[in-house]
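The structure appears right after this line, and notes come after that.
First chain written, first letter: the chains are A, B, C and D, and each begins at residue 1.
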Amino acid sequence: MKETVVVVYEKPEIYDPIFIEGLPGIGLVGKLAAEHLIQELNAKKFAELYSPHFMHQVLIKKDSTVDLMKNEFYYWKSPDEEHRDLIIITGDTQVPPTDSYGHFEVVGKMLDFVEQFGTREIITMGGYQVPELQGEPKVLASFTDLETKERYKQILGDMVVFREDEGGAIVGAAGLLLGIGKLRGMRGACFLGESLGYIVDAKAAKSVLTVVAKVLNLEIDMTALEERAKETEEILRKVQEMQRAMFEQQLPQPSHEEEDRGYL
Amino acid sequence: MKETVVVVYEKPEIYDPIFIEGLPGIGLVGKLAAEHLIQELNAKKFAELYSPHFMHQVLIKKDSTVDLMKNEFYYWKSPDEEHRDLIIITGDTQVPPTDSYGHFEVVGKMLDFVEQFGTREIITMGGYQVPELQGEPKVLASFTDLETKERYKQILGDMVVFREDEGGAIVGAAGLLLGIGKLRGMRGACFLGESLGYIVDAKAAKSVLTVVAKVLNLEIDMTALEERAKETEEILRKVQEMQRAMFEQQLPQPSHEEEDRGYL
Amino acid sequence: MKETVVVVYEKPEIYDPIFIEGLPGIGLVGKLAAEHLIQELNAKKFAELYSPHFMHQVLIKKDSTVDLMKNEFYYWKSPDEEHRDLIIITGDTQVPPTDSYGHFEVVGKMLDFVEQFGTREIITMGGYQVPELQGEPKVLASFTDLETKERYKQILGDMVVFREDEGGAIVGAAGLLLGIGKLRGMRGACFLGESLGYIVDAKAAKSVLTVVAKVLNLEIDMTALEERAKETEEILRKVQEMQRAMFEQQLPQPSHEEEDRGYL
Amino acid sequence: MKETVVVVYEKPEIYDPIFIEGLPGIGLVGKLAAEHLIQELNAKKFAELYSPHFMHQVLIKKDSTVDLMKNEFYYWKSPDEEHRDLIIITGDTQVPPTDSYGHFEVVGKMLDFVEQFGTREIITMGGYQVPELQGEPKVLASFTDLETKERYKQILGDMVVFREDEGGAIVGAAGLLLGIGKLRGMRGACFLGESLGYIVDAKAAKSVLTVVAKVLNLEIDMTALEERAKETEEILRKVQEMQRAMFEQQLPQPSHEEEDRGYL
C-alpha cells in the first residue's frame, strides 16, 4: 500500500452533502459525537479508508478477527427539503503526530473522495484541552471564512464561543479539513468542546453534537450520550475527590514510570 | 535502492501454497519457530528481500563476509495430497518501529511476491509479551475472518486461546500480513506464544510451532527446539533466583547507563 | 497535498528582482525585519506557499477564521533606476527541524517560483544565537561567492562582520536558499543579527534591516521597529535583574515541567 | 532538490577504477585517510554530490562563503600497468542516523555514478569503536565474498584482522557500499581501524591507510598523518592522566548538560 486508499462498498445517490468529521482526538469528543449521530440517524456505512501512514498494526475484535486501523464513511439521505444529505467520517485513528506529511496526504484523500459526491461544506468536531472546567463544557467555534461565520452565527447565536485566540492552533483532521478544503473552494466550521482531556469525555461530545444538531436542524435524542455523560461526571468527581484527599494529606503523587516496551 | 526489492534465485513450481511468516519480534519467537520448521522440512531458499526501510547497515558473518539486512523466502513442496505446499519467510529484521510507512511498503512487496505463486492463505507467528508466566506458554490465536476462525477451530479445538481482547493490537508483519492480505482477498491466522520478552524464547516458539504443525498436519521433531527450550528455562530460573536474592538483601538494582554511541 | 504548492494571486511585472527572505527563526529576527520592510515599502502580497511538510494544523485568527500555516510572497516595484525590484517572503513557519528532506523540498519550490520572475540575487535574514550581548547586536555576513562578498564589502564596509568561523552552520531557509540557489547560478548574502534567542528580538531585527536597507539603497523609517526594540530592552533588563536577584538569594531556579499535551 | 544529485565538472578517462570511500564517521578515521590519500596522490576533484537527505544547512568557510553539505569525488589515473585507476570519495557528512531510507538513496546514487566509469571494485574505510586501546590500532577487515577475501589475504597476510564477529554490524556508507554493491555484481573490502571514537583519530587513519596502500601497491608518505598521529597520542595521554588523577582523588566526574539549542 503506497498511498492512502478508500475502499468503496456502495455509491449512494446524495446531493451536495455536508461532510461531518469526528475522528479520535482529545477526550475522544469528535468520535463519540460522530458515532452517536450515526447511530441516531441510522446512517449507512459505504466506504473505508486505509493508510500506510496509520500505525503498522491490526486491531483485534471480540470475535478474534483482526483489521487494519481504518476510518469509515457513513451517509444519510435527508428525507425532505429542510435537511441536507450527510457524509459522516469516524474511525480508529488519525495519523500519528510525528508524520505531518501523512496527515496532509490522508486529509487530501478524504477530500478527493467526498468531492466526488459534490461536497462543498464541512463540519469538524473535537475536543479542546482545558486545565479545569466549571459547569457545562463550552463549544468553541471557528470557520473557513467570514461569510460562513455569519451564516452559522444566524443559526447558533451565543450557543458557541466565536474564537478570538489569534495564533491558537487546531491540530489534525479537525483543522486540516478546513485549511485544505478552503484551498479547494470548500467552506466549513470547526466545533471543539472544552475537555479535561484524559478521559472519554461524553459531556463535551454532547455539547458539540447539540450545536451540530442545531446547525443541521435535526432532533437528536441525546439519551445514550447523556448516560455516558453521567458516567463521565461520576469519574470526574471521584478523580477530583482523590486529588483533594491527596493534597490535604500531602501524600506523594503516584508516579508513572515510562514502560520500555519491547518491540514486536 | 528506492523500493523494497525481492531477488529471485529460483521459481519453484508450487501450487496454492500457505505463506508462513516468522520474522524477528518479541522473544524472537516467530523467527525461532520458522527456522526450526525450515530445518525440519529441509525447505529450500529461493528468494531474498532487501529494503531501503531496513537499518542502513550490513551484518558480518563468521567468514568475514558481509550482507545487507534481509528476509529470506523458502519453499517446501508437499509430498502428497494430504499436505499443502509452503512458502516460509524469516530473516534478520523487520522495519524499525519509527517507520510505519516502511512497514506497509515491505509487507505489500512480500504479498506482491507470494501472490505470484497463487498464495491465498497466510499463517503468521510471533510472541505476545506477558509480565509473568506459569507453566507452558499459551498460544493466542486471531484470524482474518469468522469462516477461517471456524476452520481452524475444527482442527485446533482448545489447543489455542481464541482472542477476545477487543482493541488489542498486533504490531508489525504478523499483523499487517493479515490486515493487508485481507484487503487482497487472502485469508489467514496469527499465532502468538506468551513470552516474557527479554530472552530468546524457545519455549514459546515450540508452543507456537506445535500449533502450526497441527494445522499443517505435519510431524515436526521438536528435539532441537526442546533443547533450546531447556536452556531458556535454565536462564529464566537463574534470572528469577538473582532477582529474589537481590530483593531479600535489598541490594540496589544494577544500573544501566545509556551509552552514547558515536555515530559511524 | 502531495507537494509544496504556491498559490498565485497576481503576476507582477518585475524585472531582475532581489529575493529577500525573513522567515521565523531565532528571536524571530528575520520575520520582524521582513515584516517591517514590507510595511514601510507598502509591498503587495501576490502569492502564498503551502506545504505538506509544515505542521499539520491550522492557525486561528482574531475573527474566528482559520488558515493552514503558510509563507507569503510580497513584491515591490522600484520607482526608479537607482533601486531594484524586490520579492520578499515571510510567514508563519519553516519546516520543523526533524524533516531535512522537507526543508530542501520547500526551498526548492520557493526558488522555482521566484526564478519565474527572473530572480538571480538573494538576501536572507535571521538571528545568530549568542550567550551574552554587549551594546548593539552585530550583524554577521556570509555569501555564496567571493565576487558577491566583494560587491557587498564595497557597500557595507565594516557595518557587518565578515564571518570566518570555518565549519559554522546556517540552518534552515536562510542558509539553504544560498546553498541551493548557488547550484542554480544565483548569488546572494545572508545577514544574521546577534540575539540571545529566547525573546522576540526587535533590536537584532533593526540591526539586520539597517544593513539590508543600506544594500538596497533604501531609506527605511525604523521607528516602529525601534519602539519594539525599546520594549525588548526593557524585557531584557527585567530578565537580567530577576536572574541576578535569584543568584544573590540563591533561590532555587523555577522548574519547568514538560507538559505532556494530549494529542488532538 | 527532490533526489540526491551529482554535479559533474569533468569526465576523466579512467578504466576499471577502484572506488575508495572515506566519509565522516567514528574518529573521522575514514575521512582523514581519504583526505591524506588524495593529498599524496594529488588526486583531482571532478564531481560533487548533494542530497536533500543531508542536514538542511550550509557550512561557512573562512572566506565568508557558504556551501551546502556535500561529498566530493576525486580521481587518480594510474601511471602504469602495475597500478589501478582510483575514484576516491570524501566529504562533509553522511546522512543522519534517523534516516535509513536516505542512506540507501545516497549510496545508490554514488554507485550509479561510479558505475558509469566502469567501477567494479570498492574499498571502504572507517573507524571501529573500542573501549580501550593498547599499542597500534588493529585494522579489522571484511569482504563482499570469499573470493575477494582470499585475494586480499594473499596481499595482506596478517596485517589485518579477518573479522569473525558474526552478527556485528557496519553502519553507514562503509557497510552499505559493499552490501548494495554486491547486489550489483561489484566486489569489495571494508577496513576499519580500532578507535576510542571521541577524537580525531589520525593513528587509526594511518593504520587503515597503510593497509589500503599495501593493497593498491602504492608508496604513501605518512609524514603528515604521522604528525597528526603524534598530536593524537599526546591528547590521548593527557586525557588518560586526567582520568587517572580524578579517579585517585575521587573527584566528581565533569557533567555534560544537554544544551537545548533554539531552532533557527
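The working rule: a contact is a pair of C-beta atoms (placed from the backbone, for glycine too) under 8 Å apart; a residue touches a chain by one contact, two chains touch by 3 or more.
Because the structure is predicted, anything quoted here is derived from the model rather than measured.
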Chain of greatest Cα-centre distance to chain B: C
Angle, in degrees to the nearest 5, of the Cα rotation that carries chain B onto chain D: 90
Rounded Å distance, chain C centre to chain D centre (Cα mean): 37
Chain A and chain D: spacing of chain centres that average the CA atoms, whole Å: 52
Multi-chain contact residues (two or more partners), chain C: 98
Pairs of chains, among all present, that meet the touch criterion: A-B, A-C, B-D, C-D
Interfacial residue positions of chain D with respect to chain B in the complex: 25-27, 95, 97-98, 100-101, 103-105, 108, 126-129, 141-146, 149, 162-172, 174-176, 178-180, 182-183, 190, 197-198
Chain B-facing residues of chain A, complex: 1-2, 7, 50, 52-68, 96, 98-99, 102, 261-264
